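After this come two complexes, each holding chain A, first together with chain B and then together with chain C.
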Partner chain A sequence: MRFLHLVLRSLLRSRRRTVLTVLSLAVSVMLVAILQSVLFTLDSFAHNPNASNRIAVRHKVSITNLIPYRYIEWLRQQPEVDAVMGLQWFGGVYQDPKNFFPNFAADPEPITRVFKEELVEYSEAQFKDFVRDRNSCIAGHALMEKYGWKVGDVITLKGTIFPMDARLTIRGTWRSRRGTDEQALYFHWKLVEERFPSLKGKIGNFWVRAKNPDDVPRLIERIDRHFADAVEPTHSETENAFQLAFLKMMGDYASMIHAITAAVLVAILIVTANTMAMAIRERATEIAVFRAMGFTGTQVLGLLMVEGLLLTVAGGGTGLLLSFGMAGAVRQTAGTFLPYLADFTIAPETLLLCAHATMVLGILSTFIPAYRAVRRPIVEGLRAL
Partner chain B sequence: MKVGYFFIPLAPYLLWLVWAALRFPLPLSYNLRSLWQRKVGSLTTGLAIAVVVAIFVVVLSLSQGISKAFVSSGRADQLLVLRPNARTELNSGVERERVRILKTHPMVAQDDQGPLISAEAFVVVMLDKADGDGGTNVAVRGMEPAGVRMRPQVRMVEGRWFKPGLPEIVVPRRMQQRFAGLALGRTLAFAGQDWTVVGLTDAGGSAFESEIWADAEELMRAKKRSAFNSVIVRLQREGQMADFKAMLEEDRRLKLEGVAEVDYFAQQTEAGKPIQVLGNLITVILTLGAVFAAMNTMYASVAGRTSEIGTLRALGYRRREILASFQWEAVLLCGSGGLLGACLALAFNGIQTGTTNFQTFSDVSFAFTITPGLMLQGVAFSVLMGLLGGFLPAWRASRIPVTEAMKG
Partner chain C sequence: MSGNPIITCRSVAKSYWRGELEIPVLQGLDLEIPRGGYYALMGPSGSGKTTLLNLIAGIDRPSGGELTVCGSDLASLDDDELAGWRAAHVGFIFQNYNLVPVLNAYENVELPLLLTDMGRRERRARVEEALALVSLTDRMFNYPRQLSGGQEQRVAIARAIVSDPDLLVADEPTGALDAKNAEEVLALMERLNREMGKTILMVTHDPKAAHHARIQIHLEKGVLDKTVERHDPTHHDLAPLPPNDPRDGD
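Showing the complex of A and B:
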C-alpha cells in the first residue's frame, strides 16, 4: 500500500499513453463481454431450469412435417403425464416483417398447466375468455407494452407459413420472470386448422408436461417407441434439447464467437505488452536509481507488475461499464430479428470471466518487459545519468 | 460495409500525401528506417492490426458468402410460379392441372429437348452432421429433366444425373464435408424409402449448393403428394416478365403468383442477417481499439525522436513535410500489418459452414471465400486505421518547436 502512490504517479506520467491504452483495452474488453454474453444468453435457452418437466414431440423427419392430432389421446393417458398441448409455430407478422415475435397456434386450455413456471401472474377470468373465444389470443406483458396493445384490442397477424390473416381479439395477458417469456402470443389452433382442409387433424408439435422431471427420460423413450411403426413416427426430446437443436440451426455461432474472443485477447495482450514495454524502457534510468537506493529487484518487479495490472484493470473495468451501456442497444437492434436476445444482459458469469481474463493479460504482458528491466545491471542504467 | 466510401472524403489528403512523398523523398526513407529501428514496437503494433484485419476479412467473407449463395442463384429471364401469398416454395402448392396449362404457354422458352419449364417438389429432411453434432434440416428438391438444364451453374463432377422414376439423388460435393453418409453409391433413408446417391455436383457457390436433387415424380410418389410446390419457367425474352406475371394472376384457370428468380433469392438473403449485423458490430468496435493502439505507438515514436525531428527542421524541412512523412510512417506500419492480416485470413479460405434459412427451415451451406478483392479491402481498411491513428501524432511531430527539439 505504501507504494500505491508511486505506482499511480508512474501510470500518470504519460497521461496520453495511459488513456489511449485504457481506451483501446476498454473497447476490446467491451466486445469480448458482449460476444460472450450473447453466447451465454443463447445457451441459457437450452438450459432453462423451468423446462425440466417438459417434452417436445415432433415429426421424426423434420419440424416442417405435421403429426396427427389424435396422438394426443394416447399421450394424455400415460400415467406420468400431467398435461399435453398441441402447439404450432405460426410465424405470423404484425404489420411489418420487422416486427418479429414468436406466435403460436395452440390448444388454449392446457397452456396454463404446461407453462406453469412461465405464466407467473395472470387473471383466470381473462384466460377463460380466451378459451371461450375462438378468434382471440393472449399476449405476454412485454409484447403488449412494445406495441401499445390493450386487452380488448383487435390485431391482425399476417401468416407467412400459412397463407391466411388471423384477426384476433386480445383477451388476456401474463407476466413472467424472464422478459423473453413475455414476448410470445398464443391463439387457437382450430382457427388455422379450419381454414385449410390439408391441415385437418394435424399439428406441428405436442408439448408434454410430465408430473415429475425424473420420469422425463423414460417417457421420451416410450413415446418414440410407441409411434415408431406409425406412418408418421415421432421424435421426442426435452424442451431444452429442442431449443438447442433450434439454436444449432443458426450455425456454429459458438465456435465463431470463441475464435473471435481468442483473437481479440491476443490483440489485447500485444497492445498492452507494447505499452508496458514503452513505459518501462523510458524508465531504465529511474529503475536503476531505485535499485541503487536499495529497492530489491523483486520489489521493483512487483511495482511494475502492479502498474501493469492497474492499467489492464482500468481498461477492463471501463470496457465492462461500456458493455453495460451497450447491452440496451444490443437488445434493441438484435432483439428485433432474434427474439432470443430480447432479454440480453451482461451476465455475472461473463463479468467474472472478463475480469479474470484482463488480469491474466495484465500480468502476462508486463512480466517480460519488467523482468528484463530488473535484470539489467544497475550500472548500465545509471550510465545515462 | 464498403471500405471504399471512407476514402472519398479523405481523397484530397491522400493525394497530397502521395505528392509530398514524391516531392520530398528523404524524410520518407528516414521514417521507413526508423520503423525498422523500433522493431519490437512496430512489430507488436503491426501484429495487433493484423489480428483485427484478419477478423475483418473473415467476417466480411462470411457475409459475402451468404449473399453470394443467393444472389448468384437466380437468372433474370426465369421466374418461380407459386401459390398466391406463399412467399416460399415450402409453403406453396401448384396442382398438376395448372402445370399442364403452363407447359403449353407460348411465352415459355424452348430448347432442343422441349419447353424450359420444370414443376418441382420441395421437402425438408433431417440429415446427420458429419461432426456427429446432431442433425439439421436439409432441402430436397424434386425436379423434371428441364430443371437440370435450366440451372447450368450446377455441374455434374462425378457420377451421373438421377433417372426419372428411380429413387436416386444427386448431392452437391461440398455438402459431403458437412453431412454424414453422402458418398457416391451410399443410400439415404427419407420420405419412407431409400435413395441412392448417384452423382456429385458443383453448384458454384449458389443456393443450390445446399440442396439435394431428385426426380420430382419419384419424390412426390414417396411423399404421397399430388400437388407440386412450385414451377420454374424460363421466358423467351427477359422483357416478358411483367406480362407473364399478369397472365398468371388473371388467368382464371391458374390464379398463381410469379416471382422473378432473382427477386426470390434476394429476399432470402435475410438468412444471413444475424451474421452480418454481428460482423459489422465486431468490426466497428475492433477498429476503434486498433486506432487507439496505433495512435499510442505513433505518439511514442514521435516522443522518442524529438531531437531528430528538430534536426530535420533545422535542415530546412518544413512542418507539412514532417507531417506527411510521419503520416506515411503510420500508414506503412498499419498497411503492412493489414497485409499480414489479410494473408492470415487466407487460412480460413474454403472452410465450409452453414446457417439455416428460417423461411424454408432448411440449411444453407456456404464457404468462407477469401477473394483478392476482400483481401484488398482488408488492406485498405488498415490504411484507413493508419490515417486515423497516425494523424494526431504526425500533427504533433510537425508542431514541435525547433529550439525545444534541439535542446532534447
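Showing the complex of A and C:
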C-alpha cells in the first residue's frame, strides 16, 4: 500500500493520454460485453431447460414444407406422449412492419399443456373463450403492455408469409417467468386453413410434449421411422435443436460474433500495449533512478504492472458499466424486432469473461515493455535523457 | 591511504563491447578511499571517471579486479542483493537532479525510505529533517516544476541523504546550475562531509567544484594519472573542523 500513491501519480502523469486510453478500453469492452451477451442470450434461448420434454416435428425436406395434419392422430396415440399441438409460424405484423413479434396459428386447446412451463399464470375462463372463438387470439402480458392492448380489443395482423389479414379479438393473456415468453401471440390455425384451400389438412409443425424427458430420444426416433416411407416424411428434433436451427438461418452468428470479439480484443491489446510502451519508454531515466536508489527489478516491474492493470481495470470497469446502459437500449430497440433479445441483459458469465479479458489485456500489454525497461542496465537508463 | 577505507579498488577493469570490438575504459585501477573522505574524480571525456563512479555506486559491474565498498565485495552480490546494498549504503546526486516530476519535494525525498520498514511517522520525521538540512522546509509540498534548478538539486541531495547512507556519489552535481546555485550546492555537500561525516565521491569537469573536495583524483585513459590534495580547509570559509574529522587522516 505504501507504493500505491506512486502508481496513482504515475497513472495521472499524462491525464489526457490516460483518459483517452481508458475511454478506448471502455468502448471496446462495452462492445465485447454486448456482443457476447447477444451470443449468450441466443444460446440460452436454444438451451431452454423448460423445453427438455418437447419435440418439434416438421417436414423432412425443409422448415417451409407443410406436413399432413392427420399425423396428429398417430402422435397422440403414442404412450409416451402427453400432448400434441399443430403450430404454424404466421409471421404477421401489427399495423407497421417494424411491429414484429412471434405470432403463431395453432391448435388452441393444447397450448396450456404443451407450454405448461411458459404459461405460468392465466385465466381458465379467458382460455375457454379463446378456444370457443375461432376469430380470437391470446397474447402474452408483455406484448399486451407493449402495444397497450386489453382483453376484448380487436387487432389486425397483416400476414407476411400468408397473404391475408387476420382480424382477431384478444380473448386472454398470460404471464410467464421470462419476459421473452410473454412476447408471443397465438390464434386459430383453422382461420388460415379456411382462407387458403391449398392448406387444407396441412400444417407447418407439430409440437409434441413427452410425459418424461427420458422418452424424448426414443420418441424422436420412432416418429421419424414411422413416417420415413410416407409421401411427406418427417424430421423430428428437440425444441432446443429446432430453435438452434431456426437461429442458424441468420447465418453462423456465433462464429461471426467470436470473430468480431477477437478482432476488438486484438485491436485494443495493440492500443493499450502501445500506450504502456510509450508511458514506460519516456520514463527510462526515472526507472533507472528508482533502481539506483535500491528498488529491485521485481519491485519496479511490480509497480509498472499494477499501473497497467489499474489502467485496464478502469477502462474495463467503465466499459462494463456502459454495457449495462447499452443493454437497456438493446432491449428497447433490437428487442422489438428480435424477440430473442427482449430479455437481453449482461449475464454474469459475460461479466466474468470481460473481467478476465481486461486483466489479461492489462498483463499482456504491460509486461513486455515493463520487463524490457527493468532489464535495461541502470547506467543506460540514466543516460537516456 | 588509510587503515579504514570505505572503497577499495584492486586492479579494477571495465570494458564495453561495441559489436566485436572491445573498448577498455578502466585498465587495472587501484584506489583506496577512506571513510569520511571528499574526493573529486576528474579527467577528460572518456577517461573513465563516470564509469568508475558507477562501479563504486554498484550500478554497473567491473569486467575484472576486486571492488570492495562499505565492507561488501560487490562482485559477490546478485542483482537483488546489490539493490539492497545500494539502498543501505549509497546516496545518488545526479547532474539533472532526476526528481520524479509527479511527486512533490516531500514525496521525492521519502522515496528511499519506502524501501525500509520505517512507519509513516518515522519517515515523516526523517524527511522533514533532511529537507530542513537543505533549507527547503517551506518548499516541502512544491512539485519539481515549481522549484528552481538549485532548489531541485537541494531536494535531490535531501533524497540522497535521507536514508543516512555512508557514501554519496555525485555525477556533475553542478553541471546544470548557474554559479550562485552551484556554489550553494557545493557548500552544502561540503557541510555534509564535514558535519555528518559522509564520504563523498564527485565526478566533475569543473576545477572550481573540484576545489571543494579534499582530494582530486585525475584519470587519464582509464588509469590513475595523479592525485592532488587540498591543504587549506578554510579556503571556502568553512567552520573549523573537529579534531577527529576523518579527513585529518588523509
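As a convention for this text, the second predicted complex is superposed on the first by the 382 of 385 C-alpha atoms of A that agree within 3 Å, B and C clash if a C-alpha of one lies under 4 Å from a C-alpha of the other, contacts with A are read in each partner's own complex, and residues count from 1 in each chain.
Just so we're on the same page, a residue touches a chain if its C-beta (ideal position, glycine included) is under 8 Å from a C-beta of that chain, and two chains touch if they have at least 3 such contacts.
Note that the coordinates shown come from a computational prediction; the quantities given were computed from them, not determined experimentally.
Student: Assess the superposed three-chain arrangement around chain A: do chain B and chain C clash, or do they fit?
Tutor: Superposition result for chain B and chain C: fit.
Student: Which partner chains sit in contact with A:Q95 here, chain B, chain C, both or neither? Use first/second/both/neither.
Tutor: It touches nothing on chain B or chain C.
Student: After superposing on the shared chain, does chain C or chain B touch more chain A residues?
Tutor: After superposing on chain A, more of chain A is contacted by B.
Student: Per the contact definition in the header, classify A:M30: touching chain B only (first), chain C only (second), both, or neither.
Tutor: The first partner, chain B, only.
Student: For A:F162, is the partner it touches chain B (first), chain C (second), both, or none of the two (neither)?
Tutor: Only chain B is touched by A:F162; chain C is not.
Student: Just checking: does A:M249 make contact with chain B only, chain C only, both, or neither of them? Give me first, second, both or neither.
Tutor: The answer is first: A:M249 touches chain B but not chain C.
Student: Thinking of the overlay built on chain A, is A:T21 touched by chain B (first), by chain C (second), by both, or by neither?
Tutor: Once the two structures are laid over each other on A, A:T21 reaches chain B alone.
Student: Could you say whether A:I63 touches chain B, chain C, both of them, or neither, answering first, second, both or neither?
Tutor: first
Student: Pick one for A:V271: touches chain B only (first), chain C only (second), both, or neither.
Tutor: first
Student: Given Cα centres, how many degrees, to the nearest 10, is the angle at chain A formed with chain B and chain C?
Tutor: 90
Student: So, does A:R9 touch the first partner chain B, the second partner chain C, both, or neither?
Tutor: Only chain C is touched by A:R9; chain B is not.
Student: Once you lay one complex on the other using chain A, what is the shortest C-alpha distance from chain B to chain C, in Å?
Tutor: Least C-alpha distance after superposition: 11 Å.
Student: Can you pull the chain A residues that chain B and chain C both touch?
Tutor: none
Student: Taking the touch rule as given, give the residues of chain B at its contact with chain A in the complex, in rising order.
Tutor: These residues of chain B touch chain A: 40-41, 44-45, 47-48, 51-52, 54-55, 83-87, 90-91, 123-126, 133-137, 190-191, 273-275, 277-278, 281-282, 285-286, 288-290, 292-293, 295-297, 299-300, 303, 353-356, 358-359, 361, 363.
Student: Can you list the chain A residues touching chain B in their complex?
Tutor: By the definition above, chain A touches chain B via 14, 16-17, 20-21, 23-25, 27-28, 30-31, 34-35, 38, 60-65, 160-163, 245, 248-253, 260, 263-264, 266-267, 270-271, 273-275, 277-278, 333-334, 337-338.
Student: Give the list of chain A residues in touch with chain C in this complex.
Tutor: Touch residues, chain A against chain C: 2-3, 5-6, 9-10, 12-13, 285-286, 289-299, 377-379, 382, 385.
Student: Which residues of chain C touch chain A once you look at their complex with the stated criterion?
Tutor: Answer in residue numbers: 54, 57, 59-60, 79-80, 83-88, 90, 92, 94, 96, 98, 100-103, 107, 111-112, 114-115, 159.
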